[in-house]
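Next, two complexes with chain A in common: one pairs it with chain B, the other with chain C.
Presenting the complex of A and B:
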């Protein structure tokens, strides 16, 4: 069996230009996790460290349970997928984002376990991952502390509730800024006695059901996570819909009105 | 930690080289025919009850009273965590995997050969769940590519059997009104059929069928007369006749929880669901028979209509409940074979019914002391009450007259399933000998609050034993043999073609008995009380036995004097697998 595997790998290596290509550039953040994460997140696809992908976050996390972060890859032009990750978190991937009819920019909050490189990678249509990032200093512990949500006895009544707002479009591409919060404890499963319980998928849709942005969300997102996106709904859409689910089959469903469109509000 | 230090380079290279994409295709799970055939197939255990009729009989005979001394543990799997409460589950075995549920709504998939965990699902329970009788679960149901189980917050969850990922999760009822769910779901013709729990909170008992693929509701059948059923999203038929056996609005809080789930008889295409106690316990507040509480309902699986009912305790005043399983079997008597069903009721009588029409064939005591009724009249099918053994009505704010009644409300037999052997033609019933002081108190209904209107305390009847495993001949109602156990029996029973009967004890033993003589032939201490249901199957030419261990359930919570006797039993939470190695 092992021999077969090795043979298959060799065969694949010979026929795969990526493997035969130039070695990766050196990690500018000199992360000890890079060699592990590189194949896990990007496989054999080409990567380059690229200042056009920016990650905005504090230098030092004030609250390890909710670190604000914005990843922006608009300088690249067309982007098919983005990955936001923190190398030294127990679950490095924070989220994956497909900007289907949206600008490749996203802002959210996440839990940090210790000081770590914080990065965004954006895949352009040519298959290349462009990676930007920064170092985040933190006292840590954000992934192994229970959420504040549980202080309220009725927390379970509100799981999946959404608060959202959209702003009138600006700029040439008529992108509409949307911000929404989903009530959810976002348990990592690392707190003793509390099972993993987190939102794993969210899709923001146009009025006709067409997906504008798809998010694959993971354990490190903060409780009651907040997302800011810039999407391009069709002209005349009165509201957007948000749907999704958590890892226990719980469903998220909400409408976010576009109040500047006539008739959007009841 | 989910971080995988795998060599992704190699994995993706393989995919490219061999033309594979994505994870390996999920193996197709058992079909409806496989479930129908479960009682006969010996290489797996696909259903709760080891067959939809729930006879808990395996034809396997490698293990027998002579060879069973060679039965040895293979591995033990810990349920982990601090959540070591009652483990009342029955394992499901399919295609190299054991699926087993644990306390606090947990589900595990374990490799059958090595005991290594494949995946685990921990349901996130809200605060404020209200299970009456410990945070137990009795088992999962397997069908095609999904595994199903009910949770303490009254939900039904379907997971992919290979990955443990949730496919859908549906609310059965509102846990804040006192509903919960602990029974194993039943799968018939592509529908997942469940009951509900919460009979102590004035809920409405319900049997529900959902599409196994999507979780969408197909039909609902309330168990209390006067409530409306549904079929495909529309009202179907009313259960019984409004106000026929309930006065005023009482049918809206009548109880009758179907908390133990049901069985299915493919020969008559009928579901059998036992229904629980009427609410409140104080029977003077609800004159009438209170249909269909403390009954067995025969239900059409296609539309949820009631075919017939048999009420074991009309106008129940002792929380005798009637939820015990009806086990279908062929009664061979006087040269005839009758399609019969048997039920060992909490009220102390062992009933044999014609399962085609619900007519009573016989009812005989299976415990030594029954105070509430003299007998069951076979002609009318009704008990002949001892009227002075019904606890009295409260006067003003004072409690009513207290009586000593037997059996106790925890039942001559509680949830723990009995077994039937077509080889010995005997039923093996885990019984308990206890009585109670019971009195009534004033009560009014309040959503989410206990709705009893009664006080009680349980007392053992004998110094030397409470539990009694009894072999009963359904032809005569006679007890053929018995095994007495110091602590109350609270685990299910298994019987085999090898002339063996297995059951567990709170003292920690899994025990085997000669099915004909009752002689104890094997025992093994699992380290905590056994209150689950053992199963057996064959694998690689060897016979295996599995059981969960972990003391808990209703006895330590509600047992009165008896709770004192069992307070030093340590808790646990593990799955034990045994086999008879090849010679």
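Presenting the complex of A and C:
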């Protein structure tokens, strides 16, 4: 490197607290948005690109309004928070997830506006964000297409309806897989004449109200979003409760039975 | 500098697309039965290499003029088809049939704008609503091959019937399942079946508008016909009905395996890399089409296994 440039870089590093730590590793996906998203999402916390955080998604989005994605950070051990984001979406963050009593794995579907890096970041208790990801090709337009919901005249009667199911635990950590779908248009606010209208928060709880998994959900989640989680409810829990709200004050409330537990909800 | 020029020349001469000048599909009509020719497409997906040439359009030369079946993925394709037909016969084009709304069946229509272009009502409706979007996506997928291509909606509505052109009796068979309207054409005179989108031969079926149950019924209907040559719209042309059995086998497996995995609690993302039985390994575009099918079919299947909980 040119000596003047090196000196300038050093000066910049010293004068900018965000860059006071060791320099960031190079973004393996070479995203043009990385330098913007890095401070926005992770502040000054250390980050590392880590293959132990896997992102499963198609190479090409067949349906820009509902791209399946699964993020798995179980190889890291304990994880306090995960963030799923698509760099080039108008709203990069898809969701934030706190696996309080859950495995650090989550799957859902989201809207994609154009070809983009798709990533999952997982924060371990030492404060380090571990980031995995892949490139997703797409015809795009998913965030600016009106939802199909409004084709039905009675759509408003169904907002907040939940379909869900839990599967008996398997494996050493006795995690219970739970899948649920919430009826909601999930409007991004980017379609002319349709205000933003989306679910902001969802919490899955034990029977006694203890939070197992907390989700902060955002605009890019697909219409009628679907989630897959793996939670560890208390031994006596006969059902899980799901509660949440959207940005217009609408509530989500449901109880998902654990039918293999004696005396569970029918 | 001179070295740079030499390098550039080397690159230009090494890239076949550039060296050959303008893009060309190099269409060659293959005779498959008396009066009947097919342009065999690749068993690939749409790429910038193949220009969207993945279909088996065909034509029948009758005393009443030439009957064209499908017009291909681009205006250029339609124009090349027309030129290639003229090397076989000097009879005028009498009519064009389009089997369904998928873009490779009808985006060559502009080259046949002077003759009636016939399709089922559901196909015409589908092209009216989705044609523009599909055209734009084709530009994205295959690029410059599409130059000058714009949607042209079929101009004539046809229904299930038998029509006669010269000595050829054509049975128009309306089906559904691959899309909401799939037209198969059986030439009763030669026994050639242009199966429309419902039969794939050593090429993985496409499902963006599919209803598997209806599709399986459509296959049964075709299986009952007397056929000498079966022209699937994608894949190898055959003199038996093995392609019908293969398409049925694939669709049945696909539907069953997705339902089983949904019932067992799988997420859609986990299906993308799920194992595919060895017997399907010879089908073109296998993993890619399988993944597309997961995207098309999974949401409805998933909904059926998640009971209402509030």
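In the analysis below, the second predicted complex is superposed on the first by the 245 of 266 C-alpha atoms of A that agree within 3 Å, B and C clash if a C-alpha of one lies under 4 Å from a C-alpha of the other, contacts with A are read in each partner's own complex, and residues count from 1 in each chain.
In the analysis below, a contact is a pair of C-beta atoms (placed from the backbone, for glycine too) under 8 Å apart; a residue touches a chain by one contact, two chains touch by 3 or more.
Model, not experiment: these values are computed from the prediction.
Contacts of A:177 after superposition on the shared chain: chain C is touched, whereas chain B is not.
Within the superposed three-chain model, A:195 lies in touch with chain B and out of touch with chain C [touch as defined at top]. Of the two partner chains, neither chain B nor chain C is touched by A:259. By the touch criterion defined above, A:46 lies against neither chain B nor chain C after alignment on the C-alpha atoms of chain A.
When the two complexes are overlaid on their common chain A, residue A:161 makes contact with chain C while staying clear of chain B.
Of the two partner chains placed around the shared chain by superposition, chain B is the only one that A:248 touches, whereas chain C remains out of contact. In the superposition on the C-alpha atoms of chain A, no part of chain A is touched by chain B in one complex and by chain C in the other. Those residues of chain B that touch chain A in the shared complex are 1-10, 12-18, 81-83, 122-124, 126-128, 153, 157-158, 165-169.
Residues 136-137, 140, 208, 264-265, 267-270, 272-273, 288, 291-292, 294-296, 298-299, 302-303, 305-310 of chain C touch chain A in their complex. Within the complex formed with chain B, the chain A residues making contact are 5, 8-9, 11-13, 15-16, 19, 36, 39-40, 43-44, 90-92, 150, 153, 155-156, 185, 187, 189, 192-197, 219, 247-250. Interface of chain A with chain C (complex): residues 56-58, 60, 62-63, 66, 68-70, 107, 109, 139, 160-165, 167, 177, 179-181, 226, 228, 242, 253-257.
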